[in-house]
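Think of it as A, B, C and D in the order they're written, each chain with its own count starting at 1.
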Amino acid sequence: MIKITEKPIDIQKVIDTVSSLGAGAVNVFIGTVRNNAHGKNVLWLEYEAYESMAVSEIRKIIDEASHRWPLLGWGVSHRVGTLKPGEVSVVVAVSSPHRQQAFEACEFIIDTLKEKAPIFKKEIFEDGEEWVSARPNGVTAYN
Amino acid sequence: MIKITEKPIDIQKVIDTVSSLGAGAVNVFIGTVRNNAHGKNVLWLEYEAYESMAVSEIRKIIDEASHRWPLLGWGVSHRVGTLKPGEVSVVVAVSSPHRQQAFEACEFIIDTLKEKAPIFKKEIFEDGEEWVSARPNGVTAYN
Amino acid sequence: MKCKIKAFGISRDIVGSRELEMEVPDGFTVSDLKKELFQKYPTFIELKSLYVALNNEYANDDSILKSGDEIALIPPVSGG
Amino acid sequence: MKCKIKAFGISRDIVGSRELEMEVPDGFTVSDLKKELFQKYPTFIELKSLYVALNNEYANDDSILKSGDEIALIPPVSGG
């Protein structure tokens, strides 16, 4: 399951999609919105995705992970829209026969997703906003 | 939260106990009962724990993890009793500001729990049963 | 050849809309497109990176834009 | 000194009950206890390992059993 959604992510549902009778291990990564960045309060985040390409890039990442580790199930759900601190932005779950495989594959998937999936977030502070990682110095633009 | 329980583990509840507004990452390990071991069908598992000592050992593991990584929340729930293939035997969840910390701490906790917590499982096959890891050769005893 | 270019994230802010229309000559490459954008919207130079995707794939600089291609500007990504 | 010893997992199967009562002399160590158990229940020698816990802590071989100690046999663990 690969999903880009405006609705809150149901973590248990993502976990359910990876369950397998041959699996001894499930690893789940949950990304949540922090209430601070660069020492400033974050009011909320705006996420946007180039959805068709994001799904296609995530599928490639899953394919590579499936070649490298004996995955029995996997699920990725990424939220878009307005997210407040504490809300879940992304869930990655994988199942495998043994636990080290599950840890490694899950970390590979989230690391590579963050590098390659065309998804963009803007942090909104009290005194401005900033597209995360967009500029070299990371200063807040558009006050 | 450290819990040894005969009741099915509510994964979402364990995750809820680790949530924190300062956290950007939650990692969750879920151990599930496999339907096979040593090439044989597993009918079910029997888990038993020396509960008071298991809780105390897990607490030490959490303390060490909290020294090594900036954990914001953690929860460990381990099931005992009769478990069928597909059922959840253990859930470990941790939250931290950044994701690598969460992956490392969660893996450390489950690895060390499996080494040190006085919890014991017996696999029940069609033709016998075996206390897991008890004997060097791992053959099925008590046919 | 007329082409439509989707703009996401900060690139949408820079060009001021979700989609840009441009008239480009035959044989126009991704590199040519980026040069033209840098000229028209100098703010693009401030970005850490700017990729162009053709049909949902990251494209090389020497890829040629073809009629009917789905073209998109991909500024630095920050999902997760 | 009379002591009660909890037995878990395969050690419970070997001794045949959840709790064992033993009369031990003063100064009796964990090592002495293990020797006595190996003699009485030779199957213990087949195990990969056998630890003794005193008051919910893994104990060294030279630890001395004291009256009132909570004593437990810990065969190889297999939680998770």
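Points worth noting:
Simple rule for what comes next: a residue touches a chain if its C-beta (ideal position, glycine included) is under 8 Å from a C-beta of that chain, and two chains touch if they have at least 3 such contacts.
Only a predicted model underlies this, so the values are computations on that prediction, with no experimental measurement involved.
Following the contact convention of this document, no chain is adjacent to both chain A and chain C. A straight line joining the Cα centres of chain A and chain B is 25 Å long.
One finds 72 Å separating the Cα centroids of chain C and chain D. Separating the CA-averaged centres of chain A and chain D is a span of 49 Å. Touching two or more other chains at once are residues 80 of chain C. Residue positions of chain A touching 2 or more other chains, listed in rising order: 31, 99, 110. Pairwise chain contacts present here: A-B, A-C, B-D [touch as defined]. Considering their complex, residues 6, 8-10, 13, 46-48, 53, 56-58, 72, 74-80 of chain C touch chain A. Of all the residues in chain B, the ones that touch chain D in their complex are 31, 47-50, 52-54, 56, 78, 89-90, 110, 113-122, 131-136, 142. Residues of chain A touching chain B in their complex: 11-12, 15, 19, 21-36, 85-86, 95, 97, 99-100, 102-103, 106-107, 110.
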